[in-house]
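A, B, C and D are the chain letters, set down in written order, and residue numbers restart from 1 in every chain.
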Amino acid sequence: MYGLGILKGMAVTLRHLFKKPFTVEYPEQQVPRASRFRGYEFVWYEDRCTGCASCAKFCPLGIIRIETSPAEDQGVGGKYKLEKFDIDTGRCMFCALCVEACPYDALFMGSKFERGSYSRAGLVVHKEDLNKGEKKPSVYYRPHLEAAGYHNEKELSAREVGRW
Amino acid sequence: MTRPWQGAELARAISGKLPQAVVEAQDNAVQVKPAAMLDVARLLRESPGLEFDYLASVTGVDYIDFFEVVYHLVSTRQNHSCIIKTRVLGRDEPVVPSVVSVWQGADLQEREVYDLVGIRFEGHPNLKRVLLWEGFPGHPLRKDFILDREKVEYPYLRG
Amino acid sequence: MDVIYNIFAILEKGIVDGLTPSLGAEAALAVMALIKVFLVANVGLIMVMVFIYMERRVLGRFQVRIGPNRVGPGGILQPLADAVKIMIKEDIVPKAADRLIFNLAPVMVFVPVMLVFAVIPFGVGMAGGQKYYMSVADLDIGILYVLAVTSLGEIAVLMAGWSSNNKFALFGAMRAAAQLVSYEVPLVLAVVGVVIVAGSLSLTKIVEAQAVPFIFMQPLGFVIFITAVSAELNRTPFDLLEAESELVTGYHVEYSGMKFGMFYLAEYLSAFAFSAIISTLFLGGWQGPILPSYVWLLIKILFVFFVFIWVRATLPRVRIDQVMALAWKFLLPLALINIGVTAVEALLWPTFPWFLAPVNIVIGVLAVWAMAAAFRNVWEPQWKPARLATAPVGG
Amino acid sequence: MALKSQPIIVNIGPQHPSTHGVFRLRVAFDGEVVQDVEPIFGYLHRGSEKLAEERTYTQIVTLTDRLDYLASMTNNQAYVLAVEKLAGVEAPERAKYVRVLIAELMRIASHLMATGFFINDIGAFATPLMYCFREREKILDMFEMCCGARITYNYMRVGGVSHDLPEEFYPALRSFLAEMPARIDEYEELLTENEILVARTKNVGVISPEKAINCSISGPVLRASGVKWDLRKADPYEVYDRMQFDIPVGAAGDCYDRYKVRIEEMRQSLRIVRQCLDQMPSGPVLARAPSLVRAPAGAEAYGHIESPKGELGFYLVSDGGISPYRCKIRSPSYINLTALRDMLLGWKLADLIVIFGSIDINMGEVDR
């Protein structure tokens, strides 16, 4: 009979009326995030960073600003003294090429996404903010963390986070 | 698997009908004279054995000394493909005949090439800028293009 | 118990009797009428909030999401929050609008809907051995009045669309002119069947005539009426006047703030009014066992509105020519069949005994089936584009 | 005396609920009948081709994410294949399987969105759209497990993919594969036989196969016209030659066929995903290639794939440097609009929205 298709469709919607909604009520609940989740808060370890600026070179947008000065200890395994390490997250597209570029496991993607700001300037993450920030790195492009089964539940120190 | 035509092979096929058209046969492409482009297009589309009925892509490339327009052609019936190129020398007013009358699919693609590279397609029914607005200075995909922010007039920002 | 069942009747009798000595009988009735008007108007507006809340929540559940749940417990204060938001919004009048008509339209759309509530019987009660109907005015020509008054709303829609000086609004208004006027015809003809069976135009008499609810006595009439009503209310699948995805919001696209609020209010108010009328005409009105009469009517109204929401959650919109075809080529013949059948029955069995209900259901199903099969060719045509380009897009 | 009438000129878009982004149509209406149409593009033009000339081959992957943002993975794949052709890099076997698997999941996600929004354009109040979103969400969750992002993945690399699939991916994929066929049946039950949908879409916006080929239309729109042309079969890339699947084709080339083709393609994609999962070898997922890819000077390559919207091609020219000399994007959404005018003329306003929705364009890809 012509018109049955409509009734079939109405039966489908009626079935859905009694299903549990799949909504996640955001501020109270959060969607579980994968361990590789590329979050907003970059995790950076000053102790591990040598100031080589690989991340800045690999960034497609050029939003990482690094200023260094020669440190006292300039021997083998030495490093630059970091004056500035700014990431303009307002323009960041979270491609994580900087994380892939970092040879010293100093820069990680974060595991959260709630760093709003009322101004563009507020979105620029400075060295101090990075030092103060929560050190719960994402395992993105860090297979050794992934192999250890880390799922951004606890803070990691500069020692624990690297391959060596 | 789509069979790509070798340049020499295709050049022979074209020269058989249009002896003056081919400039050079490259390994996988044939370079033809811009003036003969429309005839070559008709030939490629209509002659049996070639039947390139599908124009996959039209690209304009700025090689500084010359502009090159690249046509990627596919035959959906024979499942083979070929690449036709045509070069125009001179930077002021590069003109290539439009192939819209042969493949309608060239319509928007030629407009895009005109817009971004600045090659004019003779005989195009509606050759206007597509992605940029009328009055935009220059053609951005030319190698000598420098965006002078002062000069650009943004029509949509006016009151 | 008796008090709860007859509370409104007892109150009415009490007030009228109490005022009569001091004011005189006529003045007491007038005061009573004013009190009723006040009550009905406010009940209507509160019900609008209930409807808005219900629509959003139920629609949410149909779409496996939750719906508004932030304001108040379970989101129950959401309509209030919406109302506050709408009232404090800036009221924008387009520069090129026809200001007088533009400002008049929201009022015009609101008034006719409000007038409908005058005749809807919300219940019945006994007080002092006397029967009181819970309606502002129990008109003898109640249903005729309803049909006359509601058709005024179309003028307001046309005014809004025309005066906005917006092309989308104009499209919406022109569609309204075509659609709403067309659907008046099957709407009225469907009511004729009910009137024949009930033998009266008065809504209270129609309710009292429903020993068997008229949805069984007049199944065909019910189908026609509810289809025509959803077109009159411009609810999906006939929401061409607003047509979110085509006309943005159609005739009220230029309205903002409280003027938009008036349209929104009127839309749900008329949904309430028509749900009440459908309940009254076809579902037995206030009649029902155990529960008080006014509760029964409320339950029926909410059920009818639930059906509207359900349809909205399922069906896509039809095109304007299909809407018109549905009215003139499907509903109108069906309505005529219905009147014919009912008239013959009225001649043969003037009392309309119960056994006519199954007969009418069978006739209804057969008629719909036959008409639908014939209508398929109209609805699903080998339609060709009307005409090809003649003029280029102007400068 | 004949009455003189003027067409009404209406701007549909750039801000309009049904233009799928910032697209503008200048339409001349006679009553409700479309007399003439002029599409206007460019509101989302970001100059991707120009930007690509100043970025390294790896960095351009992030630009391709932003072309068709509903099918970023297939964009990555098309670009990466073109660069591999240009630079002569061969991806490892496992990487090819991973790419195909991911690309087919992406196709399902994109077709879900296309179907949902198409029905929304017809006027169903978001219900099918919500159901489609629910399933797309599962796919996005899986992508998040692979590469940490939900929309802009930046997952594929020249010579493979950036990461292997994680352990948690497989159970999620298996449960998705188990549940999805029933979901597709549910959409069909809700929509396919719905008389209103059929009446609105059958015989609407017909485009003949000859016209479709001549207009360089590709993807589901071409196949709905009855042309059995799918690059996965016609010119198999990666491991599609080892996969068993059918190409659904329509008969009439109307909006209804486009909808049906998309629904059927989702089923076929599920088949391919299952086969990928069974056949997938172990091994590395990234070829040993320098992180700064270089191609020989003067090399040029045209890599194309069957993206959810149609033939997505990248034409790259190298001058021997670390970034391409010219990067042309042959975007299916853009070229599918060639026949828009022919499809729309003579139809009503409501049909215009339906036809436009059935082409399934994405403004990120149209304007690049």
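Criterion: contacts are C-beta pairs under 8 Å (C-beta built on N, C-alpha and C of every residue); 3 or more make two chains touch, one makes a residue touch a chain.
Keep in mind that what you see is a predicted model, and the values were worked out from it rather than measured.
Colleague: Touching subunit A and subunit C alike: which chains?
Modeller: Under the touch definition, subunit A and subunit C have D as mutual neighbours.
Colleague: In terms of C-beta pairs in contact, which two chains are most connected?
Modeller: The largest set of C-beta contacts joins the chains C-D.
Colleague: Tell me which chain's centre, taken as the mean of its C-alpha atoms, is farthest from subunit D.
Modeller: If we average the C-alpha coordinates per chain, C ends up farthest from subunit D.
Colleague: Where the centres are mean C-alpha positions, what is the separation of subunit B from subunit C, in Å?
Modeller: Comparing mean C-alpha positions, subunit C is 61 Å from subunit B.
Colleague: Between subunit C and subunit D, what's the gap in Å when you average each chain's C-alpha atoms?
Modeller: 44
Colleague: In angstrom, rounded to a whole number, how far apart do the mean CA points of subunit A and subunit D lie?
Modeller: Roughly 28 Å separates the two chain centres.
Colleague: Give the residues of subunit A that touch two or more other chains, as numbers and ranges in rising order.
Modeller: Answer for subunit A, listing residues that touch two or more other chains: 2-3, 6, 9, 12-13, 16, 22.
Colleague: Which residue numbers or ranges of subunit C touch two or more of the other chains?
Modeller: 62-65, 313-315
Colleague: Taking each residue of subunit D in turn, which ones touch at least two of the other chains?
Modeller: Correct list: 127, 131, 134, 190, 194-198.
Colleague: In graph terms, with chains as vertices and touches as edges, which category applies: line, ring, star, complete, or other?
Modeller: Shape of the chain contacts: other, as it matches none of the listed patterns.
Colleague: Got a list of which chains touch which?
Modeller: A-C, A-D, B-D, C-D
Colleague: Sort out for me which residues of subunit B touch subunit D in the complex.
Modeller: That would be residues 1-2, 53-57, 59, 61-62, 70, 72, 76, 79, 81, 83, 103-109, 112, 116, 129-133, 140-141 of subunit B.
Colleague: Which residues of subunit D touch subunit B once you look at their complex with the stated criterion?
Modeller: 41-42, 45, 47, 49-50, 211, 213-217, 227, 229, 234-236, 241, 302, 304, 311, 313, 315, 317, 325-326, 328, 330, 334-335, 337-339, 367-368
Colleague: With touch defined as at the start, can you tell me which subunit C residues reach subunit D in the complex?
Modeller: Interface residues on subunit C, with respect to subunit D: 59, 62-65, 167-168, 170-171, 236-237, 239-240, 243-248, 312-322, 379-394.
Colleague: Of all residues in subunit A, which touch subunit C in the complex?
Modeller: My answer: residues 1-3, 6, 9-10, 12-14, 16-17, 19-23, 25.
Colleague: What residues on subunit C touch subunit A, complex-wise?
Modeller: Within the complex, subunit C contacts subunit A at residues 58, 60-66, 69, 310-311, 313-315, 368-369, 372-373, 375-376.
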